[in-house]
Amino acid sequence: MTSYIIRRFLQGIPLLLIISVILFALMMSTGDPVATMGGRRVTRASDYERLKRQLGLDKPIYTQYLYWLVGNTWTKVDVDGDGITDTPGTRLGILRGDFGNSLVNRKPVMQVIGERIPNTLILMLSGELIVILGALIVGVYSALRQYSLLDHTVTALSFIGYSMPIFFIALLLMFVFAVLFKRWGLPYLPTVGMFDPQVGKSVGQVLYHMVLPVVSMSVVSLASYSRYIRSTMLDVLNQDYIRTARSKGLSNRTVIFVHALKNASLPIATIVGLDLPFLLGGAVVTERIFAWPGMGRLFLDHVSRADTPVVMGILMLVAVAVVVFQIITDVIYAWLDPRIRYD
Amino acid sequence: MPEKSTKIAILTPDELETPPLSLTQLAWRRFKRHRPAMIGLVVLSLLVIYALGGSIFLSEKFANFNDTSQRLLTPTIDHPFGTDSIGRDVLARTIYGGQISLLIGLTAVVVETILGILVGALAGFYGGIVDNILMRITEAMLNIPEIFLLIVMAKYFGGKIPELDLFGRTFSGSVVVIVLIIGLTSWMYLARIVRAQFLSLKENEFVLAARATGTPNIDIIFRHILPNSVAPIVVSATLGVANAILAEAYISFLGLGVQPPTATWGNMLDGANNYLESAPWLWFFPGLLILLTVLSINFLGDGLRDALDPRSRTV
Amino acid sequence: MSRKPIFYALFAILIIASLVLSGCGGGKANVATLIFTQEFDNLAPLYSSMWFVWTTWQMFDHWAWEFDQNNEPFPRLVTEIPSVENGGVREGGRIITMHLRDDIKWSDNVPMTADDFIFTWEMAVSPQNTVATTYPYDMIESVEAPDPQTVVVTFIEPFAPWLANLWHGILPAHILRPVYDAEGTIDNADWLKNPSVGCGPYNFVEWESGSFARFVRNENYWGAPAKIDEIFIRFVPDDASQVAALKAGDADMGTFISYSDVPALQDAGLNIVIEPSGYDEFMFFLVNEEKGHPALLDVRVRRAIALAIDRDGINQDLHYGLTKTPTSFWDALPYYNDPPLQPYPYDPQEANRLLDEAGWIDSNGNGIRDKDGIELEISHATTIREDRQDVQAVIKQDLEEVGIKLDVNPVDDTLYFASYADNGPAARGEFDIQEWSDGPLFPDPDIYYWLCDQIPTDENPTGENWFYICDEELDRLIKLQSTQVDPVERRDTISQINQLFYEKVYIIGMWQDPDVYAVGSHLQNVKFSGVTMFYNIAEWELTR
């Protein structure tokens, strides 16, 4: 098993390198971060040249990639613009843990991202929890009552659920719970931000602001997960061992929860495990609509300013998380299912 | 015939001579039994008629005609869906926008199907190092969340293609860009499916026979193995259209998709939350149309999957 | 099956509890909440050109002299504005002498001296600092302090725009110099991210990325203490949330209000304040024989375009009549906009007549004029912003009615403003008409875009004349005005430039682009400046 894990880690490295190359090439060509540093007017020519040099943007793209990867302490850079490279560089590169500084606000990328990760995790983990619980409930129920009216209604709703773009759901929810409720004088839900700054970042505030974004995000995943659980449960319920269990006289509840669900939860665990790292992407669209200060909004804001270090930092973080979680999922899968052997 | 019927069942000539049903006919029969799929087919046809037929009644000039003094009117007889922020009729824009959205959906799927088949077939058939490299690239692309890729690519390609004039109508160049980037970010799923098909089929006897008679590899791939893997490709392509329409909606909502004045259902939703309260008709109708289209395609795809490949149980 | 109701119950309790706990977020007694629609990238003077950052500097830092609501300068850190009469301005604007007030201290009780000014200049021009702009500090030969309360600035050459451009914020030398000496740069100094020591009426306290920033009254302020205890700045992503917060009374001021929201806000009892900021939206023509459409070389075609667009209609309908068509590049500087010009009226018939006279007629019946086999198809580019895209569609239709086909190109702004060296499309002259919001170096009337030597080429890739216009008379006049320190002479020169722009139709004014604020009825005494926006923030009062 250990050798399998090590092998998978080693396989992950060239994968991450390929990803970083593709993304870096794309990012560097998406626009000029210095072009908009002039505020409301075009950046002055002399400042433009100087800023490009100081931020290392005047080098060819492969040199920039190299500096991003391994830093530039082993070479000299031209700091004062006289054309002579005389000062040793100070960047360590991503392989040594230095994600660089944001081009927009000169703060270290890790600090910029680190400020936002907890906010995204709060949103996504609660969403995932609701989705899993909800999907289990809905999926099991409709599997047990296959072809009943409930099953058909739930199936139809699930289809509708994952056919809607998230922002449409969000807009509808905002319209009903914020606009209409307010018009009718009912207590209404907030639609902006994570908390009211004057009241402070209390648990109550965050929960209150979390309701609409989490529900908007959950609908789509809930719909597709519940269908998946339903079909898995149906598969399991048709197995011989279930029939044996029933014929042994076990109560319905024992059969379903002890035997069926445990076996059905295996593929579910896989799906959850593979989906979790994508949570770091932070539901870009939802955060944008609800102004939630998370990583998705950070990504959008900084992509529009062509801030390569921050964007690459976020993307690589997600890619690493995906690779790591794939390995963890495989390991857990093997541990849960004694039939699986890796060598 | 004798008046007394015998007790032994006799096969009538009709039953003896009925030819067995072909695969397509069998599939169609199974499809017809799937009620949601039939509903989906009907709704989708209605939507296509709405988008294409509507242009007979309302000209494109009308759809683009702006009169700033008529901006943001609530739905009336003159403008059944209201007007937008510069006075264009929303109904007409949903018609022409629908044409573009559906066009983007279909052409993006063409791009991603071609890419997916190429990569999957080559990887599955040749195996070895070709397979390794191609699969690494596929995995790399899969490991990045699609929306991130879409945003970054949209910024990369954005603005680089000028306006096009096709069939007497002007399209913003961003339509081509969107088709390209949706195609470039969705081929991976199909590639994996095709590769799995090739891996299992290439050991079959008909392939060995083809090799034995000296058929060139290209022919084996495209004339022998590929036709046998049509079922999952068709299903994947159908669901891919739904995914492409959704992807276009997402990216246009973020403002990076098709640029005005060319209308699509997605970019009519751009900035919609600014008009959440004041002009809900601006976002409600395009959103509803997207929902109906994607829903019916999903139903259709579900039915196709049951009809063509009843053994597959993947979601 | 009995587990499920438990889940439901828990969830319900959670929701109810949070609804009860949160209460309604309302205004605390003496705390004002401002809304910014963009988050600042950093707060340090010299390090940002963002409007949203500049606005905050009057809160915790000061300029040497600031500008009031009529954009007239008044002394702040100095005892009086240097002028020729009081000996502050010598050698035709080359040497500026400033006398500092002797009662200014930083919020940690360290007095401000001329050393802070010298340090600010040194940091601006130091190649180790990635400051946003070195202008105008790179034009200075030396900054000296004959005594701790006097600063003498010597420019390399007489510099007419010194009043508007010098000393936009002072850095505290006693805090940052040790950092500079230790690290060789102040880029990573903590003060840049947390400027807790300042010399303004408020102190910076905290900034939660993505959510808000908080300022508290500076009890050590050297001037009259501020009346409001705390100021919150909330960041919201778009106009709709800003409007909702203002209408609900959750915030006391909104910034950059879009015109379509003005009626709703006024109905809700807010005061809308419009402050000219020097910016107006213009369409700039590219007039060059090698690049651009040959039709644009003919002034009659350019004039026809100006006549064919209903700009008053755009201002009335899309901007609710809150803006007017600017007549000149100096529309926000009435002193220099003298005599004031009238904008070209909306006259499509005259436009048609001019185009016919210029020889552009529709010979092939496709609805577009042509001449010598070239179709009158012009490319127009602007950035991706909803209001600009709306206007592009309107203009396209207006021009179609006189037989001109407009190719619209909305381009993302980081791509649009990319430089010549980076193949920025505007810089490379790929568009016949460029549109963006610009103005002179407000409140100074200086301009430099149309100089012949600013045309970008491979040898001169940093040229800023993206219109590729080389007009000798214009060139001479622009160069002349930047050397004239006497305001009367300068005004005459600028009037001549204005007249030239008008007659040759090098620019078409679309609409004024002032700062638009929404001020809640509880917030009193608020005045805005177009340059130093919150200049009287210490006098603001809350009546609730």
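Should a chain be cited, it is by its letter among A, B and C, assigned in written order, with residues numbered from 1 in that chain.
Definition applied: a contact is a pair of C-beta atoms (placed from the backbone, for glycine too) under 8 Å apart; a residue touches a chain by one contact, two chains touch by 3 or more.
In this text, all values refer to a predicted model and were calculated from it rather than measured experimentally.
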{"item": "Comparison of B-C and A-B (more C-beta pairs in contact)", "value": "A-B"}
{"item": "Chain whose averaged C-alpha position falls nearest the assembly-wide average", "value": "A"}
{"item": "Cα-centroid distance, subunit A relative to subunit C, in whole angstrom", "value": "36"}
{"item": "Subunit A and subunit B: spacing of chain centres that average the CA atoms, whole Å", "value": "26"}
{"item": "Between subunit C and subunit B, distance of the C-alpha-averaged centres to the nearest whole Å", "value": "45"}
{"item": "Subunit A residues counted as touching two or more neighbouring chains", "value": "30-31, 288, 304, 306"}
{"item": "Where subunit B touches two or more other chains at once, by residue number", "value": "155, 273, 276-277"}
{"item": "Multi-chain contact residues (two or more partners), subunit C", "value": "238, 244, 412, 415-416"}
{"item": "Residues of subunit B defined as touching subunit C within the complex", "value": "64-66, 68-69, 71, 85-86, 88, 155, 158-159, 162-163, 172, 255-256, 259-261, 270-271, 273-278"}
{"item": "Touching residues on subunit C, where the partner in the complex is subunit B", "value": "238-240, 244, 260, 264, 313-314, 317-318, 384, 386, 389-390, 392-394, 396-397, 407-412, 415-416, 425"}
{"item": "Residues of subunit B that touch subunit A when the two form their complex", "value": "36, 136-137, 139-141, 143-145, 147-148, 151-153, 155-156, 242, 246, 249-250, 253-254, 269, 272-273, 276-277, 280, 283, 287, 290-291, 294-295, 298-299, 302, 313, 315"}
{"item": "Of all residues in subunit C, those that touch subunit A in their complex", "value": "1, 4, 7, 14-15, 17-23, 25-28, 31, 33, 39, 41-42, 47-51, 54, 127-128, 130, 132-135, 138, 187-188, 192-193, 208-212, 214, 232, 234-238, 241, 244-245, 250, 279, 412-419, 422, 424, 437-438, 462-464"}
{"item": "Interface residues, subunit A side, partner subunit B - complex", "value": "14-15, 18-19, 22-23, 26-27, 29-31, 156, 159-160, 162-168, 171-172, 174-175, 179, 224, 227-228, 231, 235, 278, 281, 284-285, 288-289, 299-300, 303-304, 306, 311, 314-315, 318-319, 322-323"}
